[in-house]
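Working notes, structure below.
Order as written gives the chain letters A, B and C; numbering starts at 1 within each chain.
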Amino acid sequence: MKRISWIDIAGGIVVVAILALAPVFAASNYLTGVLTVCVIYGIWASSWDFMSGLTGRENFGHSLFIGAGAYTAGFMATIWFTNPWYSIPASIVVAVTFSLIVGFPTLRLRGPYFALAMLSASAILQRLCLIFWEYTGGEEGLYGLDPMMRSPLHYYWFVLAILVVTVIILTLLARSHWGLLLRAIRGDEATCQAAGINVTFYKIAALAISAAFAGLGGALYAHYQLQVSPPLFSVVTSITVIIMCYVGGIGSIYGAAIAAILLTLLTEMLRGFGEYRLWIYTLTLILILFFLPNGMVAPFWRRLTERFR
Amino acid sequence: MLQILIYGAVSSAIYAMLAAGFTLIFGVARILNLAHGSFYALGAYAAYVLTSVLNFPLFIAAPLAVLFVALFGVVMERFLVRPLRSSQLAVLMITLAVSLAVEQALFIIFGSEYRNVPSFVAEKLTIGGVDIGGQRLLALVMGVLVLLLLWLFIQRTRLGAAILAVSQDPEAAQYMGIPTNRIFSIVMAISAGTAALAGVLVSPFLTVQPTMGLLPMVKAFAIVIVGGLGSIPGSIIASLILGYSETIVAYLISTSWTELVSLVAVVITLMIRPSGILGRRAAF
Amino acid sequence: MTALLEVNDVTKRFGGLTAVKGVTFKLQKGEITGVLGPNGAGKTTLFNMLTGFMQPTAGTVTFNGEPLKNLAPYQVVNRGMARTFQLCRPFVGMNLLENVVVACLSPRANSDKDKEDRAQHLLEQVGLGGRGSEPVETLPYGDLRRLEIARALATRPDLLLLDEPFAGLGSSEIEPLAQLIKKLHREEHLTILLIEHKLREFMALVSRVIAMNFGEVIAIGPPEEIVKNPKVIEAYIGKTEDAHASA
């Protein structure tokens, strides 16, 4: 449908190259670690943007899928001692299952109610983690996971590759007729029905796809941090991801990924500010909502490359 | 048994106060105010600052705290919420952002240790063999009183009628000469004020710490969803149901399950009957 | 010959209010039938029940020989019944072509390889050819109506329901739209059921009229007879005594 112009591809290649080579030149394990987290947030953000950015049904409980993927990896590693690589398909399956269970009843609710239902669902899971602390490790969670690869740099490249694949898949889907249908659902659901479209199916499918990638990111995060704990299920995680998508430009997907990387880097640089970090985040959200509702990254890139299209 | 009854009543009353304020601003201005819990926390902290830091006597500190938070709510509505009124989701996000910001600010300023606020009523009373702190009883009585006054205010006064008019149709109300924007501010003040009052009342016997607004917010939200957004009678019924369910769960299973009660109630309500018990533009 | 659409004793109650009561009629293939009635007569409620947006409290609807029971609107569309809305609500944020392409993606319409081509063709059919890349927000109301029809046609309907297609149109827009409806009726072998207030255009289009009032069918027949039917006149103008009294 919407053709992807060569300048976008070129831009993407440049960005990926920078990301891939930066830790090599900096020769710093610290940077590699930070960038790994940045990239994982990129996966989480682009997965949110695909569902909520396109359909306009904002999901305030994305952390549900993130946590589900992460804890799946955690359980598999610490209780069943499986090979870390099995976490990847397992986390996807679990996250998608959650999305189907939660999605069916909640997707027919109107915007704010869907958002709040998802928020409640993720909060319930966070609480359950604490209640059943004998199985989940409670506040401290599960630790002692094995890394997937011995070299942090190689793992980083692996995660980066997954981000690239994620963005490509989601972008292709968004630009295809699928994406058109999702945007139509955002436009008017009754009209979609009148056009013969099974709205519920597409909404649930979008949520499931979003959950799959979010869960995958969760597993990758678990095998980076080598531990999982309840804050993964928190509303703060969900809101952080949402802020990234807003900064990136809702619905653009690549914008969400880039904004996620930049914001996570920024957070790391602001580490000196300690407790003020979350404050700055929420202020950012407020400012963006008021002054830049279309985000920063995607509009900026579009303006920059206007003449090449 | 009687213990459950009485303690349950106290919980219900507090949550009902919170829920009433929350549902009021939704019913009138269609604002889902996720910062409502912050008003509660701010009320408690304001009482703390005024009494322990500035050494005001309690009977001055309490109304001042309520006033301060009411003003905060009005300013928030005027400058942060009103410009975004066209999108309910944007309002949701910005109120959520405010609640997080307030929580963080309280954490930065006051740290995470629990603060102490002196009680209004220091004596313990014994009712039917059950010991209950006088402060808790006061909270219960005040809660019921405030709800009653609120109901009377809306049903019997001219301003109350104006509020009802705006809640049914803001545009039509405007055509009739009702200053809709000013009504929004007034309702916000009442909403924030009742939340703050709840915070002030519980601060002597509940822990005052930066995240104190979160759990009550979840519960108030649950009450409002179960009872029906926009309906004060619905909120009262739901707060009784939830308040007592929690107390029973706490006794029978464990206290860590109580938060689940509200959350599960929300999810079930949204799935089975999203409009709640008495919901959908039900009159106050 | 079996009727395309059979509506049998259909009733809709909302709590204490009966919006539609005991409506019965048949539509034969190829007819253009009109539903006439004052505001509140239950016409749109009837449409909603035919198209799955509401379920009847009682009665049955049979389409192409199969009963329509508890179907979601999109399922009804995929059986061959399409509708337009009184208040056009296009997909904002998209252009005209994309609006039609969405309907081309429905299962019933899905036989084409190139959806965009088909959408272009449909736009041309309704007189919006060559304007596919225009954003839908800038479209005047008359063109929005045409877009609605293009969208409905995309699903290859056997029966097309038009809910007040002439509402809100200026006098210069009505006649071309009426011509378009006639043309499509011929070219696409459509059966059409339409609701309309504007008597003149209505009478010129339809071969049969179903007159409703207060949720019930009060008369069915060709336009010339309906116009003279005393019950219909009473519904629209009131009893002659009332007319005198209020004069």
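In this section, contacts are C-beta pairs under 8 Å (C-beta built on N, C-alpha and C of every residue); 3 or more make two chains touch, one makes a residue touch a chain.
Because the structure is a prediction, the values reported are computed rather than measured.
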{"item": "Required minimum of steps from chain B to chain C, each step between chains that touch", "value": "2"}
{"item": "Closest chain to the centre of mass proxy, which here is the mean CA position", "value": "A"}
{"item": "Farthest chain relative to chain B (centres taken as mean CA coordinates)", "value": "C"}
{"item": "Rounded Å distance between chain B and chain C, as computed from the means of their C-alpha atoms", "value": "49"}
{"item": "Rounded Å distance between chain A and chain C, as computed from the means of their C-alpha atoms", "value": "44"}
{"item": "Distance from the mean Cα position of chain B to that of chain A, given in whole angstrom", "value": "33"}
{"item": "Sequence positions of chain C contacting 2 or more other chains", "value": "none"}
{"item": "Touching two or more other chains - residue numbers and ranges from chain A", "value": "none"}
{"item": "Chain A residues within the chain B interface of the complex", "value": "58, 60, 105-106, 109, 111-113, 115-117, 120-121, 123-124, 127-128, 130-131, 235-236, 239, 242, 275-276, 278-279, 281-283, 285-286, 289-290, 293"}
{"item": "In the complex with chain A, residue positions of chain C that touch it", "value": "51-53, 72-75, 77-78, 82-85, 89-94, 98-99, 101-103, 105-109, 115, 151-152, 154-155"}
{"item": "Touching residues on chain B, where the partner in the complex is chain A", "value": "32, 80, 83-84, 88-90, 92-94, 96-98, 100-101, 104-105, 107-108, 218, 221, 225, 254, 256-257, 259-260, 263-264, 266-267, 270-271, 274"}
{"item": "Partner chain C, residues of chain A touching it in the complex", "value": "177, 180-181, 183-184, 186-188, 190-199"}
